[in-house]
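I have placed the structure first, in the form of structure tokens, so that the comments after it can refer back to it.
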Amino acid sequence: MLEADNLECVRGDRSLFRDLSFRVDGGQCLLVSGLNGSGKTSLLRILCGLLAPMHGTVRWRGQPIRALGDAYRSELSYLGHLSAVKEELSAAENVEVASALAGRSVPAQAARSALAEAGLRRREDLPVRVLSQGQKRRVALARLLLGGSTLWLLDEPVTALDADAVKWLAGEIDRHVARGGVAVLTSHQDLPLATAPLQTLRLRA
Amino acid sequence: MLEADNLECVRGDRSLFRDLSFRVDGGQCLLVSGLNGSGKTSLLRILCGLLAPMHGTVRWRGQPIRALGDAYRSELSYLGHLSAVKEELSAAENVEVASALAGRSVPAQAARSALAEAGLRRREDLPVRVLSQGQKRRVALARLLLGGSTLWLLDEPVTALDADAVKWLAGEIDRHVARGGVAVLTSHQDLPLATAPLQTLRLRA
Amino acid sequence: MSGINWFRFSSPQSFYPLAAKMIPWFSALAVVFGVIGLYISFFVAPTDAQQGEAYRIIFVHVPASWMSMFLYLVMAFWAAVGMAMNTRLAGMMASAIAPTGAMFAFLSLWTGSLWGKPMWGTWWVWDARLTSELILFFLYLGFIALQSAIDDPRRADRAGALLAIVGVINIPIIYFSVQWWNTLHQGASVSLTRAPSMAKTMLLGMLLMALAFWMYSIAVSLSRARAIILERERHTVWVEELSELNQ
Amino acid sequence: MSEASLWNGFSAAVRRDLLLAMRRKSDVLTTLFFFVIVTSLFPLGIGPETDMLRRIAPGVLWVSALLATMLSLNRLFAADYVDGTLEQMALSAVPLGVLVAGKVAAHWLLAGLPLTLLAPVLGLQFDMAPRSLAVMVASLAIGTPVLSLIGAIGAALTLGVRGGGVLVSLLVLPLYVPALIFGAGAVEADVSGLGSGAHLSLLAAMLAVAGFFAPWATTAALRIALE
Amino acid sequence: MSEASLWNGFSAAVRRDLLLAMRRKSDVLTTLFFFVIVTSLFPLGIGPETDMLRRIAPGVLWVSALLATMLSLNRLFAADYVDGTLEQMALSAVPLGVLVAGKVAAHWLLAGLPLTLLAPVLGLQFDMAPRSLAVMVASLAIGTPVLSLIGAIGAALTLGVRGGGVLVSLLVLPLYVPALIFGAGAVEADVSGLGSGAHLSLLAAMLAVAGFFAPWATTAALRIALE
Amino acid sequence: MSWNSATEFFAMGGYAFYVWGSFGIAAILMAGEMLLVRARRRAAFLELGREIVARRAGGR
């Protein structure tokens, strides 16, 4: 489904990687690893179309993502180093509002149960500002789960999560892949994934 | 050296912990663990005096830290969830400037070699803005090492660090403790510490 | 005197019922003073020779102006007490007073304008007194806006206290600066002349109305303070018991 | 993408920004207070003569409205950029341009509209005539959306740029000049008996042009900022 | 703490802020441009009669200088707060008050001083007399530090607060009024032959008071913000 | 007593708008403030009740 074809990424005046090609199909998971600064974030941003590669193309279902535009974006969820949660809004409002902006409104009830699953039961109505670092990250993850999209691009999703939450997230990724979805992840920690077809891509700076 | 005496912390209207007492002596390391939102960050901020506890006192060398003031702060280094690096300045400038502000100016050469140790050789003069997430964290750690202070309070220091960097940091903490320093850490990951006297404090929400 | 433990009342828990007992008294006083004051304003005080009946605005305008300034001082006092002694109640009192003070400042501006239109032919002039009252109104609004922009009540109290104290240092500076600024340009372009005979009834009416406003301010700030206590202390046991009584 | 879902996206963006503004009520109010305070500063700096104040009133009110709008510009995208929401909006199934239009509309509802409604009260302080006040309100009603639209471009261009907050004023103020000239000019034209019609229709023409181009330019600028 | 190391801390804070400003040059320049543009907007909004322009010139220049300073306030602490530097400063061995004083001094060097130097050029636009220009510069030279000092309190109070950027103007503008009145008043007093001495010495007295209290209040506000 | 009739009293010598505008707004503002304070207290109690119910249901 997701193909990278001869990608090259240049940041500043250094080429981070070149001739990078891979293919991830439905029901597969790709783990991108590499040292700090090896270009994992840059790769993920290229894959979702936020950053233009120096060379090469990214294809989704055989078509270049530039050509697909909104059609591609409606199938994708991206979670970056930044969690994109609004500190003023409550956790529940955050999830609802973000889903509406992404063009996939969800009923309030669904938002609350996603938050509960993410371990924020009874904190749904607190403003996010007062949540701890890990709790904020969980709000972002709850939003991800609700998206119902086929392609997950997760940049260090387990940052700030405690061991329980890491296990829960790994389970969710497993289920997503088992459902036929595609997941591309980066992480410096080991993720207890059970999915069979796990590819690993190692970037070296 | 560092004693907590019957601490209670209230955030919003929930009491995170109460009657918390412990003592860490020179050459010891305290690992604070707990789920997301259990109050690790709050505890560290109380220990460094940024947050006033609801009840209880923190003592350093037998004296309440409120009374010690600057004298206490001159012996302490704190690294929080935020790295306190200036994106516009280069890594080297960051370290120099931060040390000067902390009241412990260091020569430029020392700053550069600390950065090199932290794995940023040849990136000393790049503006921090273009560094990757993990590299930014390393700049903050380099500053820490230069401080020469007795008490290290590190809140999830390994966030965004790759495996090599985690190992390096653990080694540095070991050396600090071996030198007779005190370290208080939080982390959701296992740290490969070799130090013998490692206490663990588990907060539960 | 020394038998009463004043410190005891600085806890919200004991203050809450105490305030409940005081509110009816102050309300009653406000009504009594108000009724007599209004009677004097409308039925005892004679018509002014130059201004006709319009001058009767003075009976609400001047007391409102006085209260607006006085309440700022009271607010700053509580704020300072809260900062110095770290008592929760003082901060709550300061936030309870601010809206009432702002209301009186607005009232002073409004009634002043309504007075100015028939007297000076314009709703507003940039005269020293008017201008400094306007700035006082802004200071109140700043205090309220700052507090409402901060969620954590402890932080809101302390930030507001600091602002109120800075403001109180500034009020005399502002007052004199505006006076100076203005007198340079124009002399006493407007002055209220009144027959000496009526000065006494007028003063009495103004005083009574001022007393009424004062009592009103106390009553309303106390009950606002009670509401604030309920909001902030809702997780304590005593409030929970209290709400059971109420249900 | 269907028209209905475009509309949904637009209104989601508007509603979200209004919700955020409700949460930080002080945000909306302070734009207004700023307007009030700045207009009041001028008499303090210039002196209290009613005659002169009446003459400079339209200019002062328009300049203050312009500054107030401009100051509220940095809350248009900056917060969303810093916390990653803008990234997510760029990756939304709804075209970014639609979301941007929604945000600009919300900005006008929260800044331009209240300013327009408040202006007559301040005009009284300057002793303006009722008729001038009416022209003033009309010119602000047409002019403030132009300010929001053009301002959005500036806000987007300065995102994540060092010192953006002040840079935006540098970019945007020159573009605001025509709106200012025609807006304040309308009142003066009316006073001098020339009739404000011509000025107001020029202002309306500017609104049409800005409404057409600005969301597009803003979207382009946002994509650059996100690279 | 020894006096020498206090001084070192102060100068480290000044030098750091100047260094940061060098990196984002646009920051300093835009404060200036804002000043220039706002003063130039007035003739556009008000009309070109020289006579009136000359009369309103001191007021307009002072109000613009005040707004320009105020706008640059949010870069005083906000960035340091967001990235955690302020936390580190509060934990420094150097007392926070000293570092704050250093930051305020740097702010004046980067905002107030350039404005003061630029003012005479703009005054010429308004056809001000050379003598008035000199008084104007003197009043700005004494007055702008007051603006930086008082502004720092407001900037510290609104740190991390919702809608801080505009809230700061609401808090600070009323406190700026005396400086504005005496500053702009000095020029007018000189023109009307009363002599500007009294105004300027009152301004200087305000500077003394602010210099004494403001760093203390700012430090207290910062500690509150960091809780 | 200077008033001959109620109409004369309400006319206030031609200044009715100004005088009653002042006293009226004062009355409205004060009454409004009292209502607002009462509403705030009510809201606090409602919130409290809701929370207590939730606390009992959810255990703590």
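The chains carry the letters A, B, C, D, E and F, assigned in the order they are written, with residues numbered from 1 in each.
Criterion: a residue touches a chain if its C-beta (ideal position, glycine included) is under 8 Å from a C-beta of that chain, and two chains touch if they have at least 3 such contacts.
Please read these numbers as outputs of a predicted model, since none were measured by experiment.
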Touching chain E and also chain F, the following chains: C
As a test of understanding: of all chains, whose mean C-alpha position lies farthest from that of chain D? B
Between C-D and C-F, the pair with more C-beta contacts: C-F
Taking the mean of the C-alpha atoms as each chain's centre, how many Å separate chain A from chain E? 45
Using mean C-alpha positions as chain centres, tell me how far chain A is from chain C in Å, no decimals. 55
Distance from chain E to chain D - Cα centre to Cα centre, in angstrom: 26
State, to the nearest whole Å, the distance from the C-alpha centre of chain C to the C-alpha centre of chain E. 32
Shared interface positions of chain B, touching two or more other chains: 12, 81, 88
Please set out, as single numbers or ranges, the residues of chain E touching at least two other chains. 23-24, 82, 162-163, 167, 170, 173-174, 177, 181, 188, 227
Flagged in chain F as touching 2+ other chains are none
I'd like to see which chains touch which, written out pair by pair. A-B, A-C, A-D, B-C, B-E, C-D, C-E, C-F, D-E
So, in the complex, the side of chain C touching chain F is made of residues 42-43, 46-47, 52-54, 56-57, 60-61, 64, 99-100, 103, 106-107, 110-111, 114-115, 117-118, 216, 220, 223-224, 226-227, 230-231, 234, 239-240, 243, 246-247
Sort out for me which residues of chain B touch chain C in the complex. 12-14
Give every residue of chain A touching chain C within the complex, in rising order. 127, 129-130
In the complex, chain D touches chain E at residues 23-24, 26-27, 30-31, 33-34, 37-38, 41-42, 44-47, 52, 55-56, 58-60, 62-63, 66-67, 71-72, 74-75, 82, 161-163, 165-167, 169-170, 173-174, 177, 180-181, 184, 188
Mind listing the chain F positions that touch chain C in their complex? 1-3, 9, 12-15, 17-19, 21-23, 25-26, 29-30, 33-34, 37-38, 40-41, 44-45, 47-49, 51-52
